[in-house]
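The structure that follows is given in the form of structure tokens.
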Amino acid sequence: MSSASEAPIWDVMTFGETMLRLSPPGFGRIESAISLDFSVGGSESNTAVALARLGRKATWWSRLPKTTLGRKVAQEVSRWGVDTSHVIWTESGRVGTYYIEFGAPPRAHRVHYDRADSEASRMLPDEFDWNLLASARRLHTSGITAALSPNCLATTARAFSEAKSRNVACSMDVNFRSKLWTSREAAAGLAPLITGIDLVLCAQPDASLLFGITGAPMQVAKQICQTFGCRVALVTAGIDGIFAWSADGEAFAPIVVATEVDRVGAGDACTAGVLNGLLDGDIEKAVRYGSAMSSLKHTIPGDLMIADRSEIEALLAGVGAAIQR
Amino acid sequence: MSSASEAPIWDVMTFGETMLRLSPPGFGRIESAISLDFSVGGSESNTAVALARLGRKATWWSRLPKTTLGRKVAQEVSRWGVDTSHVIWTESGRVGTYYIEFGAPPRAHRVHYDRADSEASRMLPDEFDWNLLASARRLHTSGITAALSPNCLATTARAFSEAKSRNVACSMDVNFRSKLWTSREAAAGLAPLITGIDLVLCAQPDASLLFGITGAPMQVAKQICQTFGCRVALVTAGIDGIFAWSADGEAFAPIVVATEVDRVGAGDACTAGVLNGLLDGDIEKAVRYGSAMSSLKHTIPGDLMIADRSEIEALLAGVGAAIQR
Amino acid sequence: MSSASEAPIWDVMTFGETMLRLSPPGFGRIESAISLDFSVGGSESNTAVALARLGRKATWWSRLPKTTLGRKVAQEVSRWGVDTSHVIWTESGRVGTYYIEFGAPPRAHRVHYDRADSEASRMLPDEFDWNLLASARRLHTSGITAALSPNCLATTARAFSEAKSRNVACSMDVNFRSKLWTSREAAAGLAPLITGIDLVLCAQPDASLLFGITGAPMQVAKQICQTFGCRVALVTAGIDGIFAWSADGEAFAPIVVATEVDRVGAGDACTAGVLNGLLDGDIEKAVRYGSAMSSLKHTIPGDLMIADRSEIEALLAGVGAAIQR
Amino acid sequence: MSSASEAPIWDVMTFGETMLRLSPPGFGRIESAISLDFSVGGSESNTAVALARLGRKATWWSRLPKTTLGRKVAQEVSRWGVDTSHVIWTESGRVGTYYIEFGAPPRAHRVHYDRADSEASRMLPDEFDWNLLASARRLHTSGITAALSPNCLATTARAFSEAKSRNVACSMDVNFRSKLWTSREAAAGLAPLITGIDLVLCAQPDASLLFGITGAPMQVAKQICQTFGCRVALVTAGIDGIFAWSADGEAFAPIVVATEVDRVGAGDACTAGVLNGLLDGDIEKAVRYGSAMSSLKHTIPGDLMIADRSEIEALLAGVGAAIQR
Amino acid sequence: MSSASEAPIWDVMTFGETMLRLSPPGFGRIESAISLDFSVGGSESNTAVALARLGRKATWWSRLPKTTLGRKVAQEVSRWGVDTSHVIWTESGRVGTYYIEFGAPPRAHRVHYDRADSEASRMLPDEFDWNLLASARRLHTSGITAALSPNCLATTARAFSEAKSRNVACSMDVNFRSKLWTSREAAAGLAPLITGIDLVLCAQPDASLLFGITGAPMQVAKQICQTFGCRVALVTAGIDGIFAWSADGEAFAPIVVATEVDRVGAGDACTAGVLNGLLDGDIEKAVRYGSAMSSLKHTIPGDLMIADRSEIEALLAGVGAAIQR
Amino acid sequence: MSSASEAPIWDVMTFGETMLRLSPPGFGRIESAISLDFSVGGSESNTAVALARLGRKATWWSRLPKTTLGRKVAQEVSRWGVDTSHVIWTESGRVGTYYIEFGAPPRAHRVHYDRADSEASRMLPDEFDWNLLASARRLHTSGITAALSPNCLATTARAFSEAKSRNVACSMDVNFRSKLWTSREAAAGLAPLITGIDLVLCAQPDASLLFGITGAPMQVAKQICQTFGCRVALVTAGIDGIFAWSADGEAFAPIVVATEVDRVGAGDACTAGVLNGLLDGDIEKAVRYGSAMSSLKHTIPGDLMIADRSEIEALLAGVGAAIQR
């Protein structure tokens, strides 16, 4: 609501695709289901929602059709405090959709995408008002967006270019999806994008698969920074924890073991925690919040991090899982 | 199971697209829903299921991907007794999907299709084994199939041609869908298809809109027969009832008023009743069963006519809606 | 809790079979259901619960196995204020069960019984402590109980005999069930039972079918009294209303039209209203309460009349179906 | 987002109490329920949401505690497009709650309030920033707010005074609630408030009960204007329709008969339609939109009008309740 | 039903507040929930229900309004066999309510109380008929009751005084609730109450926090007895087990590890097991039953211990969690 | 579909009783449930469904009444690909039913059977067309079928005799049920049946209880073969794994630890895996598939193994429980 045009109004600007999410209740199968749980999710909006719940100002940009399904997506993101007023609305078109069946070990979760030709995948570099980046402190997206289509790849390149020209710190979560492109395609597509940006987030196996960077997690982080000229690299290494490296210092946080209710979006919640720390210029805080938020997300149904700052802080303060009354 | 090639093993062979169906419970809105009822529906398989519940042998052909969603469709059709063993299976691809919000008057039901590029829309004239038509007494499809794509139109033409060459009686439910093609396109596409077939089913407004045939319903039926050289035309005229005309005689059945639970598929159930009568060579029976089944379908949730022959016969016998105990 | 043996502690003592009730939600079909609504119901306990909700002291006697299912039945009856402390408990055995599919017109409701060999059907005349009848003002049962088995018929005969010897007013709802016995068997079984009792309740068609008594409803009621030597006969005549005849006077109440939510148990609620009036010696009140309670029961899900005295009185006072706030 | 202080940023500013709403599914009873449907509702926010769905800019002010329940209320209002950024947040306290059991005729709906001492009822005239009224075209509240407490009454008086001083048109829906105050108290409290405001909305029985104004509905409307010096009075007269009178002209709209799914909030939806018309200076449009929106609201579950402008316009254009596909 | 006035008719008389309980299904959040699970719970009635399921005669006294919500509470307690005939009914008023969100580790359960000014909190020492204590063997309440209001504190004092004068053994579960009073207030309020009573139950941390009693659990129990002159003290020490001390002997039971389904009410179930043992004068049995019932309660949804004596005995006999068939 | 009589059309022919299954959602209790999950299950049809999901051709024979409940059973089995066309249909009768409450440790699952006098228990040796066995490669049933009634025992004997005379390999899962017969009766009944058959499956405790065969699991398997002259014996030994012995070699598979969602039917899934291996003449494959399918079944709700061959193969290939996307 502020009118001071020189001051950033968003802590983080994000963009990407958000899909409808459909899943059988409990551990049921799609083939026998007669109802499906219905929500929305997408890597970047998941991160934006988690940031908003921390009290950060976040916006999410995308391309959506003016249908009930398109409005559903925007509304489910905005209701948790994310600014969606810069979404591009088209007259018609598809909304990407994914189905997920939850498995208990040893049964795997099973994801089925139905996202081809979505409106989001048709986003164009020219249709966004990049001048608005002047009102943002950071820009964040993921490798999924870049993988959706050549236009999405071009839009991502344009966004990073526009942001850099305005001194807005850029970050990307590599987030390799083998159903969208090959590792070779991903490496070729992402390498130029992440070159010289502020922050790269990458799972340890993706670093190896895409960029051939192996070794101990902190070494992987360091090598990402050095290879691509980034300021900070954050590497998630499964149960080994979260590792951040920058020329100014490094930081590590162990994972916080969680009982899994719904792990989808845990990486995006981690990203939100990391961005929250970096917004305060605190790499130590970044990994601690990243770890705590990833853990907490495992306990919350749906892609979205519907938790409060107080819950995250209680977790960081070591308050256990007792009943609070 | 019989191998005697001369004897028909199916009373009715159908083909077309069957979609996933998603709808908010009760009269809820998609925008506020957190779960959706989940089932399947398609004009031709709806008719096939209704025929199977009457004890008729029905088969449904289509094109489906070997995914959980593709298997869902086939299984939900076959579980009610329809033979789906001749579905063409592809390695991957989409399954058409539709969303429906149920309205209570004056609020309209609202349907949203997400069916572009489905595997069914890609069916090809050459991929079905038309020789199997020798085992069928009748072939049925709807104008929806013809509208899906040029390939679907060509497949329909081929199917009717193959059927005619084997003396299998053909029928088509015009079923105009303005979201798939214009009335002009539909008229151009359907006119050659219905020319010379055994049975055309058409809603009174569609006859006017597509073919310019107006007047009293029985006159419309007669004119359809005469225009297109069909043996029988069946015209549904809303609350005015169901009208069948053939050179050998005509028949009329009033509608049976029903409390609406779910009207989707009522036309397809009507078609099943009509085919059931014509299989016995009884046009009077055709309209009576058509009317009763349409009415009963209004009371059953979902696209599918999950009712028993005994219930339809009780309705035709005039047994009211008392508790039977 | 009172120990004063001379004072009645129950307004009405009832006995009979109460079954588990299973039904698909909404208008669904058993064949496609994946969950069933689960409750209990039985003519006599339905009446007892309705009486308890009116503030009357009611007890229900039966025979149940000491299983989870047996306890379920007793607990679901007692929780609404009916005394079940005189149920006979056996070590094992079946609990009668019925399935109901709800139809919207013209689709009929469909009831499927699975009640053979239930513990209730094995009740014996000697296992109840008939001396407790001295603490009751009225005894009520239905023709269903008599139909369950020869032992149940004998138990009913014994109960009426014991009651009469203690000057406890007896009533029976004829409640003919063609799935349990033929009309001929029912007539032979029930005629001696209802001879000389205080109150017979009978649907007009049952009077014709079992006893050959036809004519205008009030005439039917009169003839029942005269044929069987009863004090009062109450005849329900569908939409024509409720008719009560006794030598001391007659009374009529029109039906109160209701939107049907669940009509099962409406007759039992009517009976409770009638008994409530007769407990006050007021035949006019009997028909008015019978009519109102039958109507109100149509709007309440389940067999049981979960309504308050205040709602019934508001209905009798003509307060409409507005929101009360 | 505009910073131009002279231009209104809200079409309508509303304030009042919004409660949690709990209701048994279907026609169930609270006493037997094991789950309750959970949403929010309040007269003024209901109106604000309906306005937002029409594309109007609406804001809702209130007082809420910083608890999960308080946040629930604000979020459920804002998610549909209403600006809630001026809600007053307190450290702790209650959120008003109401329970509703839905009855089918002749069973009445039953509402139970648990709203005493809510934070909303403690709102103070001084805690709102009335200067923001300069950014609103209209101010709206209901007589419920005035009834909550002396402080709420004072706050309403202050709001109207502040609005008038800025030439913001004021409106009040009388909305008499006998569980909050007597008709005498209501008359005494509301008369000074509505004197001289732009628009009074009043149900015909309330006009009689509170102000002794009787007669034909249009006469009642006229007399309200003349008695209280209002510009426009709108009187709802049940099935007789909606009547608006002003010195500049009068308008009438018949009701649009609806199948009732949930009538709660229909009056508030009507108010939104009326305000929508008056914002365009069109009293004829006001009653037409009021009638259409009231009707449509009857078909939508919950207090809130989750419908689109297109649906309302289709209804006004006379498009029936067919399936749109 | 016995009329012998000298014989106790209740094994345990309890009193306190029972609240409505509302919780999102599964691990959902209140902010996104559209339905809430609905039940009742309160420390003393939880204990009474668990005793009734063991076959003990238990009564629960409280103060409730004659509303649907008040009746809900009484009925949900009485349906499991607890005598609620001595509840004080008032014409109107609130029923305390609590909301609980269930967390999976590391996310904490979150409880939100809305219980201020409930009818229970307004109970008065003079409104109960204390002479009825002559019919009870034991009296039990918790520190929560004492914390609700000064009147509740006074009522508790009066109850213990009346019980002692009739040689009825008194017990209190300290059950400190920091949201109701401070530890200083609790110590001041509870110390006089527990002085000289038969049994005090206390969690180890509460003993330290309120009374400064620290050390090994059995030492804490001993010191409680010696400090307050009680006969028995029972200390629960988390995973270390349950410790009982009396001058006549001591007893210990390890905890039985359980998979947590719903831990709320586990302490109250433990109390029931302890009372069950003490009713037989067997302190060893007390701790064993306490431990088993606490464990079993963890596996049962809701506050209430809906289990059978046979299940508890099977657990005590060491029968594992196999399928019994 | 083939008519070549010499070629088997079924890999496995099974027969036995399939029941309706009713269970409270989650960990709820029957006594407090208001809805029950509704499905079907029976040892032999569970195995047939699991085989069909592996791509094997399976048929299930039984005796069912032509009621909605009978049709439910057949349809729920056939929908997953099992041929039910040889079920014997009777005009009326019962369908066996079982209730199951799921417990979390230490609370046991609780099963309650209501299966007496089911139509399946009345199957007769003469009513099946045993000549059809010529079209099967294997015949499988369980000791439960033999236990249902003397007629079922005779039918089992007849089936094995007919199969042996046609060189169809027979198998039996001992599956002792103490609620159906004593261990002495079971031993007497089953010993002649399993003598000389191809495969016996037996839980280690049953071997001891029925046949007095004890020792290490592989020794038990060997001794079963030697005692009864079987070709292969498979012994399941809880967490110790699965052991198969035959004169031609032996095989062992460790269990695959699973998070339990629903363990019912895990033994039947194991049997399907074993039969799948033996159909390929591969005893090593038999135990590996048996172990994997038992494990996977623990993670799937319901009796039925609704999983795909690909999931089983992924598990055997050691792919962990990650999200596949």
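A, B, C, D, E and F are the chain letters, set down in written order, and residue numbers restart from 1 in every chain.
The rule is simple: contacts are C-beta pairs under 8 Å (C-beta built on N, C-alpha and C of every residue); 3 or more make two chains touch, one makes a residue touch a chain.
Remember, predicted model here, so these are calculated numbers, not experimental data.
Participant: Moving only between chains that touch, what is the shortest number of steps from subunit A to subunit E?
Facilitator: 1
Participant: Among the chains, which is located farthest from subunit A on the basis of C-alpha centroids?
Facilitator: C
Participant: Can you check whether subunit E and subunit F touch via the same residue numbers (shared by over half) or via different ones?
Facilitator: different
Participant: Among A-E, C-F or B-F, whose interface repeats A-D's (more than half the contact pairs identical)?
Facilitator: Checking each pair in A-E, C-F or B-F, only one repeats A-D, namely B-F.
Participant: Please work out the Cα centroid separation of subunit B and subunit E, and write it as a whole number of Å.
Facilitator: The answer is 63 Å.
Participant: If you average the CA atoms of subunit A and of subunit B, how far apart do the two points sit, in angstrom?
Facilitator: Using C-alpha averages as centres, the distance is 45 Å.
Participant: Just give me the whole-number Å value for how far the CA centre of subunit C lies from that of subunit E.
Facilitator: Averaging C-alpha atoms per chain gives centres 40 Å apart.
Participant: Per the centroid of Cα atoms for each chain, what is the distance between subunit B and subunit C, given in Å?
Facilitator: Averaging C-alpha atoms per chain gives centres 47 Å apart.
Participant: Name the residues of subunit E that each touch 2 or more other chains.
Facilitator: 29, 31-32, 34, 75, 110
Participant: Would you pull the subunit A residues touching subunit F in the complex into a rising list?
Facilitator: Within the complex, subunit A contacts subunit F at residues 26-29, 31-32, 100, 103-111, 113, 177-179, 263-264.
Participant: Give every residue of subunit C touching subunit F within the complex, in rising order.
Facilitator: Subunit C residues touching subunit F: 22, 25, 29-31, 33-39, 67-69, 71-72, 75, 94-95, 97, 99, 101, 110, 112, 114, 116-117.
Participant: For subunit D, which residues count as touching subunit B in their complex?
Facilitator: 256-261, 295-296, 298-302, 306-307, 311, 314-315, 319-325
Participant: Going by the contact rule set out above, which residues of subunit F touch subunit B in the complex?
Facilitator: Answer in residue numbers: 1-3, 75, 78-80, 85.
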